[in-house]
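The two complexes that follow have chain A in common; it is paired with chain B in the first and with chain C in the second.
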Partner chain A sequence: MNKNSLWKDAFYRLAQDKLALISILIVFLYFFVALFSGLGWIASNWSQEVGASNLAPSFDHLLGTDIFGRSVLQKVIRGTQVAMSVGAAAALIAIPIGVILGALAGYFGGWIDDFVTWLYTTFSSVPNIMLLISITLILGKGIFSVYVALGATSWVNLCRLIRGEVLKHKEREYVQAAGAIGGGHMRKLFRHILPNVSHIVIINTSMQFQTAIKSEVILSYLGLGVQGEPSWGTMIDDAKLELVRGVWWQLAGATLAMFFILLAFNILGDALRDALDPKLKGK
Partner chain B sequence: MSLNNLLSVKNLTVEFQTSEGIIRAVNNISFDIPQGKTIGIVGESGSGKSVTSLAVMGLLQKPAARIPSGEIYFNGQDLLKLNEQQMRAIRGNDISMIFQEPMTSLNPVFKVGEQISEALRVHKNLSKKEAWEKAVHLMNQVGIPNPSSSAHKYPHEMSGGQKQRVMIAMAISCDPKLLIADEPTTALDVTIQKQVLELLQKLQQEYKMSMMFITHDLGVIGDIADDVVVMYRSNVVEKNHAQTIFHSATHPYTKGLLACRPKLGANPRRLLTVSDFMTESGEEKIVPVERVQVFDKEQEVKSESQILLEVDQLVTQFPIKGGLFGRTVDHFKAVDGVSFKLKKGQTLGLVGESGCGKTTLGRSILRLVEPSAGKIIYDGKDITHVYHEELRQLRKKMQIIFQDPYSSLNPRMTITDILTEPLNIHKVGANKNERFDMARELIEKVGLKSNHMSRYPHEFSGGQRQRICIARALMLRPEFVICDESVSALDVSIQAQVLNLLLDLQQEFGLTYIFISHDLSVVNFIADEVGVMYAGKIIEMDKASRIYKNAKEEYTRSLLSAIPKGLARETRP
Partner chain C sequence: MKAFGLIFFVTLFLISSCSKDRNFDEREIHLISPEKISGFDPIHASDTYSGNEIGKVYEGLYEFHPLKRPYELMPNLAESLPTVSADGLVYTIQIKPGILFHDSSAFKDGKGRELKIDDVIYSIKRLADPKLQAKGWWLLDDKIVGLNEWKEKNANLPATNYNEDIEGLKKIDNYTISFKLKKPYPQFLYALAMPYSFIVSKEAVEHFGKEFLNHPVGTGPFILPVFQQSNRIVYTKNPTFREKFYPSEGEEGDDKRGLLADAGKRIPLVDKIIVDVIIESQPKWLSFQKARADLLEIPKDNFDSAVLGGKELAPELKSKGMRLFSNAQLDVTFFSFNHDDPILKNKKLRQAMSMAWDRNEANKLFYNSSAVEAQSVIPPGLGGYRKEFRNPFVKYDLEMAKKLLAEAGYPNGKGLPAIVIQTRNETVSRQMIEHFAKNLEKIGITIKVGMNTWPELVNKVTKRQHQMYTMAWGADYPDAENFLGLLYCPNASPGSNGANYCHPEFDTLFKSATVLQDGPERSAFYEKMNEMVATEMPWIFGFNRTKFYLSHAWLKNYKFMEFNHSQFQYLNVDLEVKKELSKKF
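== the complex of A and B ==
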């Protein structure tokens, strides 16, 4: 049996890219840290005092302690949980909306297309951060509103891409051939066209994930994000006042944690695009 | 090396480094192009002909490609020893090239006049104004009407043939000594192809250029080449004067290539293919006498059968949007009042140039495009206005095979999935295994191996993919099949095999075909009756054997005369 599908080809291409493999490793590491933290296996006692206030990093406290004597490392880990869950939740909300609206608009055209196009142009004409702030203000502070706010803003890009690709693919002869053998709209759209545009969802999700993480940090920094939980954003906010006293470790911990995951997602996104859509390579 | 050879390729070998190891694309080939002569390089896709031309131009992708041995002498200078900068001075100046696809070779955001003058300004150091004047002069020479105003046009405002003329004007703008033409007419209609060939020939004599003409179709080359080089699987298998090649070819592959193109007159019952002349390993075979025997379609008595399809005054129009709010301002009639009758088991051929409405007619009959007026009567039943379930049932009986074997198969589905899908839709076959068996039976009928069925479309060649498309169309055992340019994208040698397959299947399953093509010789071979389409109308319709003997319409005659004869022209003094 020779199962040499396009997905497998893409996988081999990805496996040859060392940088991409390292990125995947980093993403998995963050994922498991977030998962274990969520399950309460690690950093569950983050709110407890472990030493004196504002201890510099040492062997006992790898990233030092904050003003209340809590471990900064544990706070970074809790922050990872928040960041990753926000990224995942935003993707879970954005993908179905973006894919379904984009596919319907591209395939059926007409008033459906007009409506969807109007919807996403309206959304994208408002600066993203303003939209995020207004949604969290309406829904109230807290992590749940961050999920909804990010999900509601990040489907726009995906929807636009999917619509364009579906528009291109529906004219292809293989879709016409599916019609000629008696296939209906749903078969043409879901069995034939969507598998051919699904790589866009994967590439876009990896890009969107980092946007969501960044947005969460910004919202939390502005005090609109998670409440009563450590987040990279609130840690950076705290550092504002601490830096003058030479307490740099809270800022360093949060930004480094953010730096590595954003870099990993960035590289992974590019690598995924090269692997799944070889035509775009080098452009 | 004799002095009057402009280009002399000696023992050239080109290899490509791929993930599967080293592939030898060109194997130890030698040929010469004398001053002021044209040589044709013929071979099917993958035979190494384009790689040869890229090697001459110094355009091979390095480091994937390497040239382990060989010399390419141009004007006494070994091109392979030159560095990139020296090569750039020669490329576009002394050697220039025309590509196959005029649609994508021009930059859409610049006026054509600017694009022609750009080359002149780079290589000849002309001022902007001088270059523009020269460009207009060149456009006049390549036969573009109103050159001074046409120079201000953008590429999308020109037809395919005109764009190819612009490409030729660019290629000859710096008075090249050698012009390489890589399948320059393959994407064009026959009548335009003829004009472009005549133009190239005229220019070659005027400018005293040498020309290297690459094609997969021996028929095209007969009119233009002095010498012919035949390439097969990276090797030169035969080279000689065009006259000699056409009249007494020695290599079995050349004989096969010459025989596989359908002729306008009588043909054998099944076209001869390369495999009739040589075995897989390249040894010569004796062609059985009955294979060569031509037969006259008019002599053949097909038993009178009933009418399967009747099309009455069919009109299909598309709205033209315009104005500020995109209202429909007018209609474009792609099919304009077409009527014909087709008997069971017969083949109707539809010929015409691109844009004449033949494809829309085919799609309208299948109701893939909604006709605007007229009637389609299939098997005694008016199907112009059936919908939903009834239309779905109709799809079982009527099928279509598309032109492009690359885009008509879903790249994410295996061959098994592709072939069993129609069975799933129509709930034919009791279970998965039964459907798989039905697919396997057909895949073997169309000449593929059943152990290929778990593969994906991109693992097959163009000809094999078209066989898969044919198998898919036949899965539901239709009575009626529309072949829409189904062999146009294939090399001539593959085209003959697919045409034979279509005829075999017609005989076996009693199929009725509508065969749409721009190539009259193909239609003449396969069809019982031929309809010539022009601007949405069938302007002439007759028995295939009669239409080429005494065509009544001027347009039909011009189509006929444009077909390459597949014969060498008289040697020039």
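== the complex of A and C ==
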């Protein structure tokens, strides 16, 4: 009989997965790049000209320069800050909404469940990108609207999963036992059930993070995202005209940066699921 | 294997049939239409491309002179320019006698009959016919006495009654008409030169019915018995075309450019015009490279390889005798201020902003240095533009800009809040504002970009919710009124004056100038307004942009024309040169 807790077990399983470890390393690397850029330690001079217009990558300018002679590398770093902050902010907004609505619906059932189910089915029936565009149009442009728009649209999946798990758990013996010794609804739900479904939140966050990053890039590409700040989306937008002239480095910089973080989050998400929910492994 | 064999033979057949294409005996011109042609009914000719085709078969009372610039109207079906009453309301126009419609089964014995004034009245009425929903109705809406009333009355009748006389369209005799206008409309003659008002015959309209748009029967220099909605349209010379001659005068320098070599010759100068509809830009480019088209607007993607440094034609194209035509378009780009904003009412601030912008660099980055820096509102090529005029504030001078900014009350930008420029969410628009922002940062002004969808931008401007916005304006007709009106106070938002600019003296001049007929007096007015408003910097003036065309050496008499639907009859082809150069293709 294994005496380790779920979390310890999960940690061991994760530690044996080399790919997952590399992914965690990449995610941390991006986090630190974003953090340092946010603190102004690196890439704070991204708007300065460092050379002529559209210089090819060289030793002086590792990723070349853009149309105005700004360093593409610095723009990629600055874009990393935008992307990571969007991912984090969207998760911070979406998780409380998803967890609370899902838990209440699953636990209480009845009209609360009906209402929450109606709410998330309605949300998920509207194509995501349309919803995002309309929210940014209502809130006005800028990074804050992107945070809110992504947060407000990405809670649906988490809510659905939490609702299902809570529904399953509320009939379990340990919950009945908690009720028998006088625990109220809130205690049963938040003290007993939620900790037992919290692994879903972790798995989901990792998935949500990458969806948020992708959506930010799409919004910025369409000109609805961040304004006056470099974003991977605006860089790709710039690149679509430059490619005909053979200027490929801006596209390469933005897409490679995006590629590694999305891949890392994807692998990490899978690994976390395998580690935390071993029954689902390989599914 | 069978399929491969078939493909092989089909390809072989296509190759052999292509090489037969070149014809050195007949005078023919090959052109490309970049859009499908919707049909040959003049009243629906809302796009340039249909207008271009209609202009080969049909004619209007007036046309633009093919060589003279600024654009000038000259009589076409009309005998001469109209006599206009003193109040500018009555236009009396006489048409040339003896003009024949194309031979067609619509007429008795299949012979085209003579054009009479009833045809002019009929064609104008068709524009107003409520059953036809003409796309060109806006041109005459609320302009001619009685025409709107006639339209309304007929809207409820089962069939439009063309027999009823209209007060504003009065037949004086078989060759003379008098138009009566509701209010002065000096652009009226331009309306009569647009394809919408080209003259059709009642017989053809009734004979062909719904098929009329595929059976053009005009008076024009070329005939096209049936339009088969195909990708190739072949026009042949109209054998009964009246005596019309190539103009003997043009713009200064046209002589040297060989544009007057055919002066006085009877037109059309070629026997055939063949138009291929090619929509994709690469096939267009290749077709021109293979000499299957004589004229081409350079596709954007091919610009860099065809035009070196934005100016010089690439040597391998030059060696084949190709010629490059670059012509300023009648347009102007600008960053407009919203003059409702108290901060932007400060003239010195506006001037400082203009002087801090390195237009030379912007031109290089965005237009391959091919655009012209706009000095004021009116683009080159229109009456009112003066070549020598230089706007002292359209100059890159950082020191001067800093000085002006200090005089405006914001030394080094201190105390000035960030200014937001609204634009369309489109790559180049954004990059241009980023460039502007980068420049203005040097004198301490912070500019932010506001990205919008097109309807959003229009909405912001009409509701005056903007500080600044970017725009380009292209001419609807060659009259500077079309541009100056953008700064006329009564046109303020929701009208076309999105700057909400008001200048009483300018408005007074505008009112007196726009009811004047084209001529030196009106041009003087326009010049005065243009230069007065220039230093005021109601906008930050951007550029007058350029269009690029390539032609083969054998195509003669081509000159860029903004309103080019009647231009094709003047083109010619040099068969000797074609034969000689064709060896190189």
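Operating definition for what follows: the second predicted complex is superposed on the first by the 280 of 283 C-alpha atoms of A that agree within 3 Å, B and C clash if a C-alpha of one lies under 4 Å from a C-alpha of the other, contacts with A are read in each partner's own complex, and residues count from 1 in each chain.
Operating definition for what follows: a contact is a pair of C-beta atoms (placed from the backbone, for glycine too) under 8 Å apart; a residue touches a chain by one contact, two chains touch by 3 or more.
This structure is a prediction, so every number in the text was calculated from the model and none was measured.
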| item | value |
| --- | --- |
| Simultaneous placement of chain C and chain B on chain A, clash or fit | fit |
| First, second, both or neither for A:K141, with chain B first and chain C second | second |
| Partner chain in contact with A:S47 - chain B first, chain C second, else both or neither | second |
| Touching partner for A:L224 - first (chain B), second (chain C), both, neither | second |
| Chain B versus chain C as contact partner of A:F68, first or second or both or neither | second |
| Touched partner set for A:L241, first chain B, second chain C, both or neither | second |
| First (chain B), second (chain C), both or neither touched by A:L25 | neither |
| Three-chain overlay, vertex chain A: chain B-chain C angle, C-alpha, nearest 10 degrees | 140 |
| Closest approach of chain C to chain B (Cα atoms, Å) | 44 |
| Chain B and chain C contact sites that coincide on chain A, given as residue numbers | none |
| Complex contacts: residues of chain B adjacent to chain A | 366, 368, 392, 395-396, 399-400, 402-404, 407-414, 421-422, 425-426, 454-456, 458-459, 469, 472-473, 475-476 |
| Residues of chain A touching chain C in the complex | 47, 49, 53, 67-68, 137, 141, 222-224, 227-228, 234, 237-238, 240-241, 244-245 |
| Chain A partner contacts - residues on chain C that touch it in the complex | 301, 304, 365, 425-428, 430-431, 434-435, 437-438, 441, 448-453, 456 |
| Chain A residues within the chain B interface of the complex | 1-6, 172-174, 176-184, 187, 192, 195-196 |
